[in-house]
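Next up is a structure, given as structure tokens.
Labels for the chains are A, B, C and D, by order of writing; each one numbers its residues from 1.
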Amino acid sequence: MSAAILAGLTGAALVGLGLYGLLTDPHPLRKILAFNILGSGVFLLFGIIARKGAAAGFAADPVPQAMVITGIVVAFSATALAVTLLLRLFQETRRATLEPDAPAKTPDAGVDG
Amino acid sequence: MSGTGTLGTALLVATLAVPLALLLACLSRRLRNNMPALLVLAPLPGLAAALLALGGMPLAFDQPQLGISLALDVPGALLLGVAALLWSVTGAYAFTDLRGKTNAARFSVCWLLTLTGSLGVFIVADLLGFYLFFALASLPAYGLIVHDDDDPAARRAGGVYMAFTVLSEAFLLLGFVLLAAGESHGSLQIRDVVAALPQSPWRDAALVFTVAGFALKIGTVPAHGWMPLTYAAAPIPAASVLSGAGVKAGVIGLIRFLPFDTAMPGAGEMLVVLGFFSAFYGVAIGITQANPKTVLAYSSVSQMGVIAAVLGMGLAAGDHSVALDTAFYAATHVLAKGALFLAVGVTAVTAARRLRPTLLLAAVLALGLGGLPLTGGALAKLAVKAPLGDGVVGLLANLSAVATTLLMLHFLQCLARTAAHEQQAPAGLAVPWQAMALASVAVPWLLYPFAGGNVADALALAALFDALWPVLIGAALALALRRWQNRLPPIPAGDIVEPAERAFSASYAVGSAMERADGWLRQWPAAGLSLLAIAVVLGAATLFGS
Amino acid sequence: MLAMALALATTGGGYLLVLAVIVPVIGMLLSLVVGGRHAERIAFALMPAGLGLALAIAIEVWVTGQPLVYILGGWPPPLGIALRADGFSAVMLVTAALVIAAAGYFARGGFATPPGVAEKRAPLAFWTLLQGLWAALAVVFLGGDLFNLYVALELLTFAAVPLVCLDGRPETLAAALRYLLFALFGSVLYLLGAALLYGTYGTLDIVLLADRTAAEPLVAPAVGFAAGLMTAGLLAKTALFPLHLWLPPAHANAPPPASAVLSALVVKASFFLIVRLWFDVMPGLASAAVTTLLAALGAAAILFGSVLALRQARLKLLIAYSTVAQIGYLFLMFPLAIGGHPWSAEAWSGGVMQTLSHAFAKAAMFLAAGVVYEQLGHDRIAELRGIGRAMPMAIFAFGLGGLSLMGLPPSGGFAAKWLLMQASVESGQWAWAVVMLVGGLLAGGYVYRVVAPALDRATVALKAPASRRREAVALALALGAVLLGFAPPEFFDLLQIGRPVAMAALR
Amino acid sequence: MSVIQALDIGLALLVLAVAGWTIAAREAFASVVGYVAYGLLLSLVWVRLFAVDVALTEAAIGSGVTGVLLISAVVRLRKTEAPAAAERPGVVLRALAAALCTVVAAALAAVVLLMPDPGATLAPEAGQHLGELGVGNPITAVLIAYRSFDTMLEKVVLILAVIGVWSLASDGNWGGVAGPRRGARPEGALAFLAQLLPPLGIVVAIHIVWVGANEPGGAFQGGAILAAMALIVLMARLTEAPEIRRRWLRLALIAGPAVFLVVGIAGFAIPGSFLAYPAGWAKPLILLIEAFMTLSIAATLPMLVIGPPDRPPS
């Protein structure tokens, strides 16, 4: 098994892991982390596609690699915006939840109704 | 284009343009507040166009670029003329009636919108235009019905009316889509789509949905529930134009869209059965009612049933002449029903001792609906005699005349009870009523020849007798009814509406179940799972679907 | 392969596409640097230019009868990126320019920098984000490369999300976060799909991909999977039922001009790409199973969205749920318009018409609701009695918009419904026609719930004086929805330009 | 199995284990630490894929700058972890989620295994024009020439994100010093590092940008290193962050895309195409754009990390 295939399989597994975290972890910050893992899995798939496109004396196809660089920057801005939003939400409500209507309640309500 | 042709076209366009121009004028607050005074003028171009068309001039206006296609034939002209007359005279009535009332401006706007639609359906020649004017004749009438915002009965009636109207629009839309789909050249002219209907692969469905849409409008049982509620709740002028002119949008619809050139016995007979059922059902419930407006509404249910039956006979036989016959029948109904509602209004502000002339005139019109000889009603019955034939159907028609007489005598009795104590109706109300009453006596005689009738035949002794006996039997029954009146079960106005409303409320449970489901689906894990599932299923569908 | 060669070289008028993209980008950058009240001025100065460019593109497409193409940097695809405008792009550009201009004009005053203040938070953010959103829409409508479109989608999301929580209330922050995270979830799936497509075909250019997918006799597993992932990701951003979790709170809590733009345009952008994907990139793969699934979700959206709209207590939530329902209509076009059937063209026109008329109608309704909220200080439907007299134009606008949603003539909504129903009848797919009818009835119900009490004569206590100007903006948009109902045949010809099957004759 | 292969497998397993830890860790802080380690390990995988440019970007942005952002956030959000844990979906939902995620991952794995080798590629086309562009690094050619439109838009994305982050300030603090109010100036290692590293970092960054034309590196990587230096300086409180109302800050933010646009529009006139470089001028123009892009990225990333202003302008 070549390093590229291995990286591709790793990418596939990372996508699965990231998706699971994004679906099931209730804390928004953990969702953001899972989103980043999911994203890096996708980038790895771009990576193996680039590697398989090695030709004309290049070790890899530069186009997907450039796309990954763009993608990493975009993912970072997304993370930054999401984290800032989350911090602001926490500042206002002392809570961090995505479930509907929850932030409308008083901070000390505690139990969900 | 000849000079008169240009005039005809101009009048056709003006029929719609004048009320629309008045509507535009309503943008100005000052003009809006004075609009009730102008209502009488709005329908006059329509009246003129109708007279010109009856004079033998075929009127047409075709602008495919603008998507407008107007045409006026004799059945359309008959109905347009009397409807315009009613709108105009009742407009005068409304001017006095509205004086000092709070919602006059809103009433005027809704009046003009409804008027535009109500006259438009008689002259429009293309499918989409018809749909537009039909909607215009129906939806803004809400503002006419719910004139008094604080009247819960009016609000309920308005709600019920809207429910039926929107349902009717939905059926018609589907029906029209099917009609258009059946026309292979892409023409949207009514005559083209109707001509193509018998060969259309969607013939039955198109017919069912189109007829259902119009049946809702003319209050065919079981779609009649809105009529009694609405007419009872609406102010007098509104009830008058809606029952007289508004409902005829459904009649002209049936006339225009039923494919009479091809005999369709099954469909026609179904319409006959439905029609006569409505005709007798309306009377049966009507005689249990005490409010004269409600009684008139049930009479409309009954009369529209007769029209549906006549059209059904024509469809079954492939007889195109019923179009003209029913148009004339409907035209007399426009005049009589419109006038009778005005009578209800005038009676309510007239002292009992001054009531006699009003009652007398009302009696002539009311019994005319039952076919009293020498009235417009008698002419109408004569006009539809031929298509109904002499068999069972003819007998049913005569029995329905008996029943109508019975109902109308009941109406007169209810009407007399509503007289005021010490008052004289103001001239602004009395004169329009009298004018309308006279028109409904005289105009049918003027129109009868245009409907292919012969006045001399109508005056023949046999014809007079034919018309008289149902009235006499009806009168005898009415006497009997007086004795048994208080044994009749109390039936709420709109009879089936209440159970329907209860059933509707029960459907709220579905709504709350959907709300709970939505709440669950909108939770993050559920939505996320849905997203992934959709991705996987779509991927599989792409791979294995083709 | 004439069409192919055409799609890979700049056409006359192609420079207009570049300008349509960079004008709002320049506006946004300048607004940020100059700051203060100049941000608003710059936005206003550029809006007519943007509208003019959009109209010029539409006219150019219509006159030449061919899509416009611009090859960026002179690097033709597959290496470079092309911008392309067909009839659908052109009308979407014009619609976007009009709705954004209207929302901007409405926002004047609400997002003004007061005199004596150098710069305020909300105005600066609003005007820069609005221009950023506009730029993103332009790229989405013109982009010819799937990865470039990914960047455009992110641009759109980043402009839209902060608009939702511009007033900083906690519920808006929660709504914005939900929106952002779900939109990102969608983007990642889209990107994953794009990766698989690149791996298979070595290009992400739409025209080249179309050519290569058409040439393959069998669907590669990667391609099928990519189609599912990309569509699902875009559906998440379009908020098609049951992926609408984020839409009602976000659209209902945003400031009115933002709500208008979000509901009218932003959800349409991802829908536009779904259309691109299935109609342009892989029309051959759009099997009955795929299109039926999409339309079934659409039908569910119509029913759920409409019923939920009927049950909302707040006006803006009602309108937001109505958006959920109206998005459903868009997806009914898939089983009807795909392929070269006699009814495909009218279904296509119907779908596009629904996109446009809903944009105008919904923007009008959100702006009208904004006027109501501003003057009453709340938008509880139970307490709207009599507001018609206080703000007649706003209620009229709401009613006209509702007319279009119900599909009553004359309106764009009616034209759309008519065409889609016609196609569903002709293709024998009755179920969609019935769903559309039921949706129309339910829409009638929720519009009635608002308009009927509003027209009552009752005294209302107003918190703020009426702004006739804002009411007029809402009314103008609603009239736009109505005017679409009078669209001449030439307009429908324009919509067909570039429709893949319609263009097949040219190949 | 060769040693290299064993190492590859070990690395893959390690990456997966750390990712699993990041997802499953009970405490968010542990999870974030896991994520930073994960990012670094991932850069190694990128190196093994012969993607040094990506590895640099991943290490600098994906792991480094993102790590700083997440760590500062997780500390502030510590109190919210317990209430959030209560919202954890039930077993059935989690099982369903696990099943679906497995299906997706398995499908992807299948796609990877079925992928043709050699696969589709644009490498030959990308290589063809390097001469006329005067650059040796094909990735730079893609980013700044062939797909320069993507790159420009992506920079606009960053600016919109900054506006989005700033828009979350409260009204009164608009225009003030970016980022939260910080406590006392830290002593010790951080302060020492903050004084030591930046000069070094700046040199490295400039080098990376400069060689980026021909070798791995470029504006993103260089900008990210500069940004990291700026963050260290800010965290050590050697200097205050700038006030966001400052004109120079905003100019720095937009410099990259602005220069891009200017060159692009000039392209209309001279080579006759937007974003095209005139023959012979490609290399200097690319360097010019790279320089300003670096500046913009170095200004943008710290702004995104430290967040909206927390106090009014002076």
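In the analysis below, contacts are C-beta pairs under 8 Å (C-beta built on N, C-alpha and C of every residue); 3 or more make two chains touch, one makes a residue touch a chain.
The structure displayed is predicted, hence computed values, not measured ones.
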Which of C-D and B-D has more C-beta pairs touching across its chains: C-D
Far-end chain from chain D, centres as C-alpha averages: B
Centre-most chain, if every chain is reduced to its averaged C-alpha atoms: C
Where chain C and chain D are represented by their mean Cα positions, the distance between them in whole Å: 31
Distance between chain centroids, defined by C-alpha means - chain B, chain D (Å): 71
Chain centre separation in whole Å, for chain D relative to chain A (CA means): 13
Length of the line joining the C-alpha centres of chain A and chain C, rounded to whole Å: 27
Residues within chain A bordering two or more other chains: 15, 19, 22-24, 26, 28, 32, 45, 49, 52-53, 63, 67, 70, 74, 77-78, 81, 85-86, 88, 97-100
Set of chain B residues in contact with two or more other chains: 522-526, 528-529, 532, 535-536, 539
Multi-partner residues of chain C (at least 2 other chains): 79, 147, 151, 154, 158, 161-162, 165, 168, 173, 178, 185, 192, 196, 198-199, 202, 221, 225, 245
Complex contacts: residues of chain D adjacent to chain C: 107-108, 110-111, 114-115, 119-122, 125-126, 129, 145-150, 153-154, 156-157, 159-161, 163-164, 166-171, 174-175, 245, 247, 250-251, 253-254, 257-258, 261, 264-265, 267-268, 271-277
Residue numbers on chain B that touch chain A, as the complex places them: 519, 522-525, 528-529, 532
Sites on chain B touched by chain D in the complex: 525-526, 528-529, 532-533, 535-536, 539
Footprint of chain A on chain D - complex, ascending: 4-5, 8-9, 12, 15-16, 19-20, 22-23, 28, 31-32, 35, 38-39, 42, 45-46, 48-51, 53-54, 57-58, 61-62, 65-66, 69-70, 73-74, 76-77, 79-81, 83-89, 93-94, 97-98, 100-102, 104-106, 108-109, 111-113, 115-124, 126-127, 138-139, 141-143, 146-147, 150-151, 154, 157-158, 160-161, 164-165, 168, 220, 297, 301, 304-305, 307-308
Residues of chain A touching chain C in the complex: 15, 22, 28, 31-32, 35, 38-39, 42, 45-46, 49, 52-53, 63-64, 67, 70-71, 74, 77-78, 81-82, 85-86, 88-89, 92-93, 97-98, 100, 102-104
